[in-house]
């Protein structure tokens, strides 16, 4: 199963590498969102500094949702889901592979966004370990949830508008936890950063377990 | 002589519509069946039921020894299905795509090169992104992706459509080769000439049922 | 539940007529108790009466959610065994969700009104309200998913998976939002203390919960039957289509 998952992930990453959507479109857009927040908050330095943790995650989740949409568009475009159904790759492997692909793409996105908030919002990173752990935990949770819900909305004509609606209640805890953990890591607030980080890992683990069990149902039609 | 497909009064429903309404058809190993019928006759649906993608609501259907009412997933890895779509990843290089398809079906990635050559796609095209190919070349890549998996049952929906004359001849050769090496081929097409050139049997569907059958070879 | 559906034009049966009558009486009694008989709160005055509707509504909101999730799980299990199996569970999941979303809405509305009277604002970022909003959005998403055109089994399966994932997600949301707000409790003083419920108020609340539950059950039963009738109509249309396809070939041949 792991071998098949890696096969899928490698394929997704290669598609990404050839089309350069993450680096070319989504990362600049996410950076732009950080800039736009400054407009919204009237460039109030104190506000931006306090809100940096949350704003970062809003940008990540927004960009990430676009990447999820794309990951499924690539499959539905030319009837590729049929090809998966006919292949020897099981639904759980497809789930893991896609999640891994998204995880790595969002990590690339975040590699741009972390310097982004450091620069634009003038924050100092006090606790690197916490920051990185929180980033990994949140990204993991997002990737797994995103792929699971993306599959639910895949192939539907209204998926572009439906997916965000479905995702919001699911992403809310991740946004909450990620923002609080980041705020602690940035020294803005003294919250229980590690507890929030562990929550994100728990969310990731729970959704991975559910995804492995239910992806088969989602892949089937009829 | 082993039966590859055995449909007995099969009823199948898709999207609330009875796409197959009592189809009786038996296909044995080694046949090359030309499936004909007007639009909506059930050609595509028949193939999708054989592939296990549409469930059987009534009657009895057996494909490659599997009862499709109980288990429609197991036969899939032995079946090659080529629909109207090409199932291609447009951003990938030709070679990368076919290698992925090979690995996905459990075949050796090295077979990709042989399959591409068989479809008349020269080495220089292998590092070209699929989106830069013409429609005919893409169709050939799609067929190569199927060939590399060496399926026991070939299900092709209008495979000759985008191909040029040379491509069609190549495809016909490949289908005959496949049948003589133990596979079974079913292809749907509106073109009449194919019956004479490559098919061993012509089956016409209408309204989700069998209309005419030139008989088993 | 549906064997009694001999009459195609109404979803009422003797059982539900009785249930409906009981529900009506129960609600009238609840209004009487809530508005007249039970005392006003020492601190909050008449505003506390809102709780007799608010609290039972939360209970139904979550109860219906659990029912939807349970039915969805059973539907998925049954649909594995027979390709057309478990449809009644799917119907139940859908009916319960519709009733659930209504009561979640009522919870929010009454909560906001109560807040306006006691806190002075319609909205507070406290744990309960926030979690309820997210539950509401979850319901909306689920119902939106159910509305999408598809073959009933596919649609049912997709919705069922969503219900199950949401079943796990809602407690996660609840926990994280709760924890988030308790951390901020130290900062703000007026998060809206729930009043002490004793004596007559306690019994009124308990009774109201019972009354609202009866109403909810009545609603779910009828919604279920309407869905069943809709499906029966679609099935008959399908049978007619199959029959006409069989006939047209015989005529031609």
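Labels for the chains are A, B and C, by order of writing; each one numbers its residues from 1.
Everything below uses one rule, namely that contacts are C-beta pairs under 8 Å (C-beta built on N, C-alpha and C of every residue); 3 or more make two chains touch, one makes a residue touch a chain.
Keep in mind that what you see is a predicted model, and the values were worked out from it rather than measured.
With chain A gone and nothing shifted, sort the other chains into their touching clusters.
When chain A drops out of the picture, the chain contacts still join everything into one piece.
Closest chain to the overall C-alpha centroid, by per-chain C-alpha centroid: which is it?
A
Which pair wins on C-beta contacts, A-C or B-C?
A-C
Chain A to chain B: how many Å between their CA centres?
Taking the mean C-alpha position of each chain, the two centres sit 38 Å apart.
In angstrom, rounded to a whole number, how far apart do the mean CA points of chain A and chain C lie?
About 31 Å, centre to centre.
Taking each chain's centre as the mean position of its Cα atoms, how many Å separate chain B from chain C?
Measuring from centre to centre gives 47 Å for this pair.
In chain C, what residues contact two or more other chains?
Expected reply: 151.
Would you please write down the residue numbers of chain A that are in contact with two or more other chains?
Correct list: 221-222.
Listing for chain B: what residues touch at least two other chains?
14, 55
Which of the residues in chain C come into contact with chain A in the complex?
For this pair, the touching residues of chain C are 76, 134-135, 137-138, 140-141, 144-145, 148, 151, 153-154, 157-158, 160-162, 164-166, 168-170, 172-173, 175-177, 180, 183.
State the interface residues of chain B toward chain C in the complex, per the touch definition above.
So the residues of chain B in touch with chain C come to 11, 13-18, 21-22, 55-57, 69, 206-209, 211.
In the complex, go through chain C and note every residue touching chain B.
Answer in residue numbers: 83-84, 150-152, 234, 238, 241-242, 245-246, 248-249, 252-253.
Inside the complex, what are the residues of chain B that reach chain A?
Contacts found on chain B: 14, 51, 53-55, 76-77, 79-81, 83-93, 96, 100-101, 103-106, 129, 145.
Would you pull the chain A residues touching chain C in the complex into a rising list?
So the residues of chain A in touch with chain C come to 148-149, 152, 156, 158, 162, 165-166, 168-170, 172-173, 176-177, 180, 191-192, 199, 202-203, 206-207, 210, 214, 217-218, 220-222.
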